[in-house]
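Structure first, commentary second.
Chain nomenclature is as follows: A, B, C and D, assigned in order of appearance, with residue numbering initiated at 1 for each chain independently.
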Amino acid sequence: MPAAVKRILPQLITLLGVMVLVSLVFPDFLSIDYSDGRLVGPVIDVLKRGAPVALLAVGMTLVVATGGIDLSVGTLMAITGAVAAAAIVAGHGLVLAIVLALAAGLCAGGFSGFLVAVVGIQPIVATLILMISGRGIAQLITEGRILTFNMPGFAFLGSGTLLGVPVPVWIWLAVTALAIVIVRRTALGLLIESVGINRRASALAGVNARVILIAVYMASGLCAALAGIITTADIRGADANNAGLWLELDAILATVLGGNSLRGGRFSISAAVIGALIIQTINTGILLAGFPSEYNLVIKAVLVILILVVQSPSLAGDLKRLGSQLSRRAPRRSAKAAPQRSDR
Amino acid sequence: MRNPRLYPLLATIAIFIIAYAICYLQFPYILSTRVAGNLLTDNAYLGIVAVGMTIVILSGGIDLSVGSVIAFSGVFIAVMLRDSGLHPLAVFALLLVITTAFGAAMGWLIYRLAMPAFIVTLAGMFLVRGVAYMMSIDSIPIDHPFFTSLQRVYWLMPGKGRLTLIGVVMLLAFVVGHIIAHRTRFGANVFALGGGEQTARLMGSRVGRTTVMIYAFSGLMAGLGGIVFALYTGSGYPLATVGTELTAIATVVIGGTLLTGGAGYVFGTLFGVLTMGLIQTYIVFDGTLSSWWTRIAIGVLLLAFIVLQKGLLRLTTARSAA
Amino acid sequence: ETVGFSQIGSESGWRAAETTITRQQAEKRGIDLRFSDAQQRQENQIAALRSFVAQGVDAILLAPVVSTGWDNILMEARDAEIPVVLLDRRIDAPDDLYMTAVGADSVHEGEVAGGWLVDEVGDRQCNVVELQGTTGSSVAIERKQGFENAIADHPNISIIRSQTGDFTRSGGKEVMESFLQAENGGRNICALFSHNDDMAVGAIQAIKEAGLNPGEDILTVSIDGVPDYFRAMANGDANATVELTPNMAGPAFDALQAWWQDGTLPPKFIQTPSTLYTQADDPEGEYQRRKDLGY
Amino acid sequence: MLLALQSLTKTFVGMKALDEVDFELASGEVHALLGENGAGKSTLIKCLTGVYRRDAGSILLDGRDISPDSTSRAQALGIGTVYQEVNLLPNLTVAQNLTFGHEPRRFGIISPRAQRRRAAQMLEGYGLDIDLDRDLGSYSVAVQQLVAIARAVELSGRVLILDEPTASLDDREVQMLFAVVRRLRDRGLGIIFVSHFLDQVYALCDRITVLRNGCRIVTERSDSLDRVRLIEHMLGRELAAQEESEKRHRRSAPLAGEPLLSFAGVGRRGFVEPFDLEVQRGEVIGMSGLLGSGRTETAELMFGIRRMHSGTVSDAEGDLRLNNPRDAIAAGFGFAPEDRKTDGIIADLSIRDNIVLAMQARRGWLRRVPRAEQKRLAADYIERLDIRTSGPEKAVGELSGGNQQKVVLARWLAMNPRFLVLDEPTRGIDVGAHAEILQLVRELTARGMAVLVISSELDELIAVSDRVIVLRDRRQVARLSGSDITLENVVHAIAASDEHREVSA
């Protein structure tokens, strides 16, 4: 089995498990129809609705790999959405609107990166500042209302379909693939990991840790901008108050469900994106199941805790140890790797 | 000052005093005992939760569940007082047992699953708020006579300022938190954990036990904060205090505690809380900011505080090195 | 006179419009308005009220984020002899603690919306899907209650699915999509009841994207009366809305000024009208009238 | 027997670190545990103190089976340990570190004054004059090492385990440590001593146990086991060639002519006094001095880790700007730091990644070192430096201490710098590899590279250097070259008080 597949296997299995679970409460979950030149079905919905979190997870994974965290991404979605909508309302074209939104994401990410890498503020706090004040900036742009616009070209990014598949799905697929190619075909992945594991030692080895740090936050900002564009395009309006609200937590959750350590170091973008799909499957499943809405949070929390327990490496270790203890009864002492406590 | 460990704390206090002075120049009334009393009362629940959060952060962890626990506490108290006929003190005790146990359970998961605290407590945050919803989606008033009499306990300070019971409870929480963090073996273990889990273990610290106790303590403080919040608002509401965990984290950081753990002072957090309260008060006194400018102002002021603190620290450490 | 205004936040366009209009009304009457935004937090509102009391304002406007927990602070205000006027939502407190409350009756709003649907469908079988507001918010609870009251005697109308869309446009769209999925592509759904217009606007987009015709295949009725919804009505995509006027400050200031002048006490509840608008009520004109009010 | 380990076995993923090892410790003896890097010494100790869970075997203390499952348990049983990497908490004060876990308390509240008093008592006899209320992290590795030892000594009621305690100590401290150890031995403690300094082993230890590849090879009294046989046991092969290379003392004059680099008036206030240094192509400069004399600081200044306040650095082409390590690397410098754990290795990355890191950083992120090249480099250095590992993809953090050091060296050798600074390059490196590394340094200089070696081991320094610089109080106090480089002269220069300035040339 190739290493890349082996890495994401636990996430794939979890995703399958969650899908089976959802199918139990909503039997038609896996059905897909083809009508009016587009695919429809709950699974397609999951892929489409999962786009913002999947995109955020791509950027978040890079930030997390450097040992940081980016709480500002939800807010950045609001800002960039507002920028795009304002540009459209002001009569600028599609391209300019997108470019401005992406630029806003890059700038905001660069700002967080600057605070972290140069000023030396801890990532949670640096991005918390943007998380709080950024929504104010977004509201400033929209003046607190939903900035509605009418531009089919832009709306296409949120709710159009291409080759039968919703455009947001194409976008996150492309961004994920591109990100993976960039970090793995170049040395960027190695440098990010080394900064995340030991920034000081990396700097002593000549790695430009500052630039790397700023770059990952900018990448995260860019991903957030794309997510913001999609959400804004989807509802044909910029909702500065609610766009991306609390999505940063989902993105972090996705990253961790993808097996990435919040302490930084080795990372897998694809696993994080699958993590995002796991979360979206849960969300969609809850909606489809038709439970009263006051149960939503409890169901989500219980499922997440369950997944964490199942995926926990130390639990796997315990099981293995149990297994080896059982097999030790057999005459030949099998000295299977007993995970030591120290690798926590 | 001989000990460089104290610098962040001193920087925090210095900045708070400077900020207060600036506010005073603009609104002289801010120096009244009334405003000072309000500062304590209005931030009592936040301060209490922040004490627990400080301990958690000192150990290198984080607890995102506290906001939900406060909301849960309010709903729990309201529902129990409405439906069970228990005395409020019994309800408080029961609540503290529950929240402490909940914290302990999270601590155990964090240790046992070797999962980051961020994620475990995030799940905890969803769970507790979800449970609060399940108990009641509506807001419930609390009107038990003993409870309402507790709400009205205060000492009148000169200048008509009120030092309320909950304000005093917060100050006590800080004293207790200080002793626990800086004067007990448990506290030493907390710092050790923050300095490095591996190392702490090699030095003979019982990491599992400490982790469970840390989050149990945070749960306890969140429960206490919940009681105080219920006293403050006189009601239980499952949607209350959304995002309070982030405010608490911010106060801890402004207070000079390192988020990476292992360095900080509980009393620094008190000044972090007061600083946050001061920002809010200033904005209300100003009274011209729109919703969005309010948010932007909070962010900018926060940033200014942190950058100032960094600068002050750099200056002092450079001076002391030379 | 100085009046402190503790606003909930700016969680929706409607709220922004209320703020704008309050400022306009204050300016028009020469009132010095101290504005405080609570970011959806009761604790911030209480702290703001304390500050207002400490500053000694002449009156306080409070748009309460939640209905309970105001007794203490209102008592402090009363001790300081500062009249408090509640805007837009009512609270669970003895009514001698505040001067008056200006607002709509949310239960009544739900009833008006439900009543419209009852009249519209007659004896036809009708499955309704409901988009709830934020779980736990009193508005959501009461509007749901009112709607259920209205359809209670009509067994042909039943709510088949009900989920929260958090009062947001994207929430409305996402939840509506899942309703459509779950109900046979929407063919089982006869009407949509949404707790606010923002969610309805999102839901209408979802219905369109599913290839159905909102306003015809699925009737939509909602509450608030925001401009975008009027436009949807003008386009034939939506059927009815119950207006919640954002001008709560006008009546509130009227009451205050009357009291300042000669001590007339207003009634304890000044109810704003909950007017029903349908496609027959010149939605395009209503849209034009509202589009610059800061929604 | 005080302590007995019976057929202890420990397996890590894919490799046996300990294979049915027996080990006995009598009370009142100092027992050396020796072996090459990666032989399993530290693993044995960690199994013994409950850090690792052993796979099989039993541990008897006073004939009773103990199975410490945690370090706190081991401490409670009277087993005090100094682990190989200093394992104290840099964020606690010295006093807190020393008393951690048994702070003096009244009613459950720690009394700082009693704590300080207790700590001061513990440090008596180690010749440390340090502020007990400062964070431990503000002191050098050596100070931390001594504090760790003092703490372990206090904790050890029955057994004291010292895993390479002397790696970063100089002679004076070593003697003090030995005095402490002997006192404890006379009190009837059993002491396990791990070191790669055979002189120290023979000076201190009563018995020697040799491990090789996780197996116990031999246990013998130290007076009956001669040095050559000991080394043969450790290496598992004949020694002849080895000794040959030790003897081949090359001290040819460095290639004369234009200096490769010249440092003029380089200094930093309150850190390093301004100094001048001309580095010739192909020479080895040794830097010596007591603990805290500013050697590491000097190296950090040269490599741009700290910015210099005064002075210039120039080569044949002109002035060099050294504002950060990247500048220094671009100028052809290399620096293998003293504290490999925090400044050297990237623990979770593989050996291959660690070796190519500096090279990759220099090439920039876009031009990745081709995979084949990476593999070749890794294989090459694993072989040349004899890095003991199951493969190039093993995470460096899982290597034994000495092998980690070799990986850091490999990283810089792969860069082929013109000026390489090695801060304590042989710390924790076994006899075999020690010789190999010195040999390597000579080969490098023969090809024209200039090397600056900082080492507390005077023998090694003298053996390898063409010139020796002696620092005291952050100031250069002596330079020795050619035949002046003798142990006596160096020691004299280190110890001399200011009147003896004339030594400086």
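To be clear about the criterion, contacts are C-beta pairs under 8 Å (C-beta built on N, C-alpha and C of every residue); 3 or more make two chains touch, one makes a residue touch a chain.
Since the model is a prediction, treat every value here as computed from it, not as a measurement.
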Handout entry: Most distant chain from chain D by Cα centroid
Key = C
Completion exercise
Rounded to the nearest Å, the gap separating the Cα centres of chain A and chain C is 34
Handout entry: Centre-of-Cα separation between chain D and chain C, whole angstrom
Key = 71
Handout entry: Inter-centroid spacing, chain D versus chain A (mean Cα positions, whole Å)
Key = 43
Exercise for the section: For chain B, write out the residues touching at least two other chains, lowest number first. Expected result: 133, 137, 198, 201, 290-292, 294-295
Fill in the blank from the handout: Residues of chain C that touch two or more other chains sit at 9-10, 16, 19, 135-136
Practice task
Note the residues in chain A that touch 2 or more other chains, in rising order.
Solution key: 139, 144, 294, 296, 341-342
Handout entry: Interchain pairs in contact, sorted by label
Key = A-B, A-C, A-D, B-C, B-D
Problem - chain C contact footprint on chain A (complex, rising order) - result: 26, 28, 33, 35-36, 40-42, 45, 49, 139, 143-146, 148, 159, 231, 234-237, 239, 241-243, 245, 284, 287-288, 290, 292-294, 296
Problem - Touch list for chain B against partner chain C, complex - result: 29, 32, 34-35, 38, 41-42, 45, 133, 137-141, 148, 151-152, 229, 232-243, 277, 280-281, 283-285, 287-292, 294-295
Problem - Residues of chain B defined as touching chain A within the complex - result: 62, 109, 112-116, 118-120, 122-127, 129-131, 133-134, 137, 197-198, 201, 246, 249-250, 253, 258-260, 290-300, 302-303, 306-307, 310
Practice task
Please give the residue numbers of chain D that touch chain B in the complex, ascending.
Solution key: 51, 70-72, 74-75, 81, 83, 87-93, 96-97, 100-101, 103, 105, 108-110, 112, 131, 133-135, 138, 155, 269-270
Exercise for the section: Show which residues of chain A lie in contact with chain D when the two form their complex. Expected result: 185-188, 190-191, 193-194, 197-198, 200-208, 265-266, 333, 335-338, 340-342
